[in-house]
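Each remark here refers to the structure printed beneath this line.
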Amino acid sequence: MRIGFIGLGNMGAAMARNLLKAGHDVVLWNRNAAKADDLVGQGATLAATPAEAAQAEVVHTMLADDRALEAVSFGEQGLLSAQPDFVHVSHSTVSVKLADRLAAAHAGHGSGFVSAPVFGRPAAAADAKLFIVAAGAESALAKARPLFGDIGQRSFEIGDTPSQANLIKLSGNFMIMSVIESLAEAMALAMRGGVDKAKLLEVLTGTLFGAPIYTTYGGLLVTESFRPAGFAAPLGLKDMNLAAEAAGDARVPMPILSLVRDRLTATVQREGNDIDWLGIAKLAWADAGLDT
Amino acid sequence: MRIGFIGLGNMGAAMARNLLKAGHDVVLWNRNAAKADDLVGQGATLAATPAEAAQAEVVHTMLADDRALEAVSFGEQGLLSAQPDFVHVSHSTVSVKLADRLAAAHAGHGSGFVSAPVFGRPAAAADAKLFIVAAGAESALAKARPLFGDIGQRSFEIGDTPSQANLIKLSGNFMIMSVIESLAEAMALAMRGGVDKAKLLEVLTGTLFGAPIYTTYGGLLVTESFRPAGFAAPLGLKDMNLAAEAAGDARVPMPILSLVRDRLTATVQREGNDIDWLGIAKLAWADAGLDT
Amino acid sequence: MRIGFIGLGNMGAAMARNLLKAGHDVVLWNRNAAKADDLVGQGATLAATPAEAAQAEVVHTMLADDRALEAVSFGEQGLLSAQPDFVHVSHSTVSVKLADRLAAAHAGHGSGFVSAPVFGRPAAAADAKLFIVAAGAESALAKARPLFGDIGQRSFEIGDTPSQANLIKLSGNFMIMSVIESLAEAMALAMRGGVDKAKLLEVLTGTLFGAPIYTTYGGLLVTESFRPAGFAAPLGLKDMNLAAEAAGDARVPMPILSLVRDRLTATVQREGNDIDWLGIAKLAWADAGLDT
Amino acid sequence: MRIGFIGLGNMGAAMARNLLKAGHDVVLWNRNAAKADDLVGQGATLAATPAEAAQAEVVHTMLADDRALEAVSFGEQGLLSAQPDFVHVSHSTVSVKLADRLAAAHAGHGSGFVSAPVFGRPAAAADAKLFIVAAGAESALAKARPLFGDIGQRSFEIGDTPSQANLIKLSGNFMIMSVIESLAEAMALAMRGGVDKAKLLEVLTGTLFGAPIYTTYGGLLVTESFRPAGFAAPLGLKDMNLAAEAAGDARVPMPILSLVRDRLTATVQREGNDIDWLGIAKLAWADAGLDT
């Protein structure tokens, strides 16, 4: 299948590589074209504009934020200026509002749109082990669906309103952040009481909390692996802000969300932009007088 | 082995039954002796006082709160007035302070003391599937250890300071409560955005959150199973208060603990004492204008 | 002086009346022109467009929100399409971002801009007892300054960056909301302990808390004067959202702001749009099991 | 009148001196007797035990915490072992529970009891400018009342349940702490936006917030007067803990109280015990990236 791929950061490059490996014709576009060199060496081709990358059955985007996705979509030579015979599959973690806007724009343009944000860190992207949460009209989903297996281990289909996939993705990131904060608080209490935080984690994961979120993130908390960042705090903060925006628009009070958002903001202020979002634990521990 | 068992509520009666089934001589004591009838019919004997139940190698207690355990321990004809040739294994969820006080008292008395709170609801107790978190001196643990397999599926040993087991138990219950609240908030956001809460849970448990805490409690939230209570809100509130007391004494700020404690208090005030601690979700949903 | 006045809600109409009483030529514009009838009867004239109202030395705007002020400023026949020989004095409680945008637009257009939000309820506006917080270039302020005495009891000048006046106004509304919530919590505690809430207020205002914010709002809490709304909860929520947006953009964690914002959101959901922002107290009291 | 006075810290010594100045016979007791030297030089006499100091019409206590007041009351040679012809006037900020316990104990003993906590810092105590919040049976209050004018500027009588005075005192200290935190947050937002925090305070106190709590504490925040402590953070934390205990016992959720208690705990952990309770602002500012 002829596929466009836009956005070659850590996540995007790995996903594009897996699509290439799966035998597709992949046309790349990236703001900084140099990042495509490696993939071009492996058989991909380079487009001069986003619109050119959209001369395909499906064009994927994996971008940093709303602004980048807006530029690629609505900017000059953007996706919405291309021939409409394509489906745009958006993997980025962006706002519910932008997903709604894109859905309307593609409907007007005659192109298809699937919102398909993913769960997983770069290592999971490299191993084609992402989780994909997809929503969109069946006609569009039908084209995107066969590709999900090339980049992920499992996909979930939510319905025909694309932005609902974004709502779930943002909810999921909120859930992760709330686990990190509550685990950090419990570890602070344990440490102050003379209990090794690894021992607390062992009991938790050995009883009711035996899920990847606790084993992975909990393990990183035990080893205090705050730098280099796997997922940088400012990106986590961006996601909490998007979740808060969605909650505000829907008038849904989410006190734990408010709390982790404030704490993550303080983390960025105290620790800088290069810390992992796990770094929220450093605040909890310093507030408890623990010199970790 | 000759075993005493004190406290025949839902949990305690099930645990005593399993000890009986395992072939031990079980001597029971309960404030309301009538509750022992069933087990006596199955071969247990009835003691007239806690001290009499302590004429055993090991005496277990499974009581509702600090006050009940204090009465049984320090009251007239209490455990600490018995011959000291026994080990007291305390399964109740009580305060860190009381565990410290009991440890000191038993040391002074010459008896052994193991703090061994459990994770699991009554159904798990009935199936001998509890998780046991135990701490105490090795000499005492050595006597208690062989019995853990009769009542639980797995045990964790924390060290020789009994109250550390209580600290972990309280931390665990805090973690459960924080999961319920954050899940309830995320579900409110999803529902307001037109997403079925079951669909959100499916994505969460299918990706990073595939642990019993999410499948079990999440499933109960999906079906809105708030009554009858499996674990009543006032009991959950008692545990959050004990965790907050431990945190206060250790000067550990735990903002999510503070939040869930306030929310659970409001749940009890608005919904009454007969609601499950999951009922905290009703507040989150009503605050979001959802008429569930 | 020839003065334009745009926005004839409860606040604006009272302010325009006072400018008229002070002897100025007042040209009105309102989206719903019928609201100007009364003032026209008292000597004001009616403009057909915002731009026509801006054919004056100073044009005041007193509008409900960002959207209304944007329409009047940037819309067809808006202020920024008028001859630039005027100073726009914006009294509305709007976002810091919009104030920055207006400052830049007027600078480009050659017109003057003063941001001058006010503190005070409609009764204070009627009595020319508003407090005015003003910021802008001295050349613009020089024209606006003489008018402040016609509508207010005192003005504060902040500097030459207009949006700083908005930041202070939003901070002030946050401070009010935080007083209401904390007072409501303290009253709940008092009432639960058998103390009349009026007695608590008497002690507070008779000791360290003898300021209008406590006497006025505290008095309204004592009489539970939640309806009709003097300042409706959705307007208060709008302001908390604007404050939160400013805090988010500046990466300033404000946990009490987060808290009152969530509580006010819940108030609107549970009580409807017609309740005063004081209604946040109803939540605090219901959460405490008080049936007020 | 013959008066006993127990507790010669900064507050107590100043109050005793004013009673002496007013012409009363003052009998002192203090755990560390050396602290009485100065007052003895001015005409007071020294008692050997609390009970001896209670051989008076009224015996005042002004002590640091529950524990100290318990020792003086219930300890060997304590007040409750004295001849019962006296009224105990308790000025300390202690728990509602202890006030209830003292009321019952004095009733049983045949002595009178008035709970009369005070608002005011040491300077106010020295100037006899304290505010006194008093509650107790009229027979007891009748003896205490004439003395209030010797130590304070104004007194408030709450009713005949002594502990209600404590509830109001704790509520008042909670209100102070909530003002400090909210002011600190608003100042952080202002500073980040380039507004001088003194300017923000000027607007607040010049409009709706013109009360001593804002002028005094606000002024200290502007000058960042965190050390030496006028009222040390650990004492403030003690009071927030007492308020939280009262709220917990009454099942009153107080989310702002929870928040300031956690923040004050973190302040003590990060800044040490010698910082003023105003130091909670340092956290708010550091969390906002402000290097004050």
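Going in written order, the chains are labelled A, B, C and D, and every chain counts its residues from 1.
Heads up, the rule we're going with is that contacts are C-beta pairs under 8 Å (C-beta built on N, C-alpha and C of every residue); 3 or more make two chains touch, one makes a residue touch a chain.
Model, not experiment: these values are computed from the prediction.
Colleague: Tell me which chain's centre, taken as the mean of its C-alpha atoms, is farthest from subunit B.
Modeller: C
Colleague: So which has more C-beta pairs touching, A-D or A-C?
Modeller: Counting C-beta pairs in contact, A-C comes out ahead.
Colleague: Please compute the C-alpha centroid of subunit A, do the same for subunit B, then give the distance between them in whole Å.
Modeller: Centres of subunit A and subunit B (C-alpha means) sit 38 Å apart.
Colleague: Taking the mean of the CA coordinates per chain, how far is subunit A from subunit C in Å?
Modeller: That pair's centroid distance is 39 Å.
Colleague: What whole-number Å value describes the gap between the mean CA coordinates of subunit A and subunit D?
Modeller: Roughly 52 Å separates the two chain centres.
Colleague: Got the subunit B residues that touch at least 2 other chains?
Modeller: Only 251-255, 259, 262-263, 265-266, 269, 287-289 qualify.
Colleague: How would one label the connectivity among the chains shown: line, ring, star, complete, or other?
Modeller: Topology of touching chains reads as complete, every chain touching all others.
Colleague: Mind listing the subunit A positions that touch subunit D in their complex?
Modeller: Per the stated touch rule, the residues are 262, 265-266, 269-270, 286-289.
Colleague: For a test of understanding, state which residues of subunit C touch subunit A in their complex under the given definition.
Modeller: 241, 244, 248, 251-255, 258-259, 261-263, 265-266, 268-269
Colleague: Considering only the defined contacts, which subunit B positions touch subunit A in the complex?
Modeller: 96, 119, 131, 133, 154, 156, 158-159, 161, 163-164, 167-168, 170-172, 174-176, 178-179, 181-183, 185-186, 188-190, 192-195, 199-200, 202-204, 206-214, 216, 243, 246-247, 250-257, 259, 263, 284, 287-289
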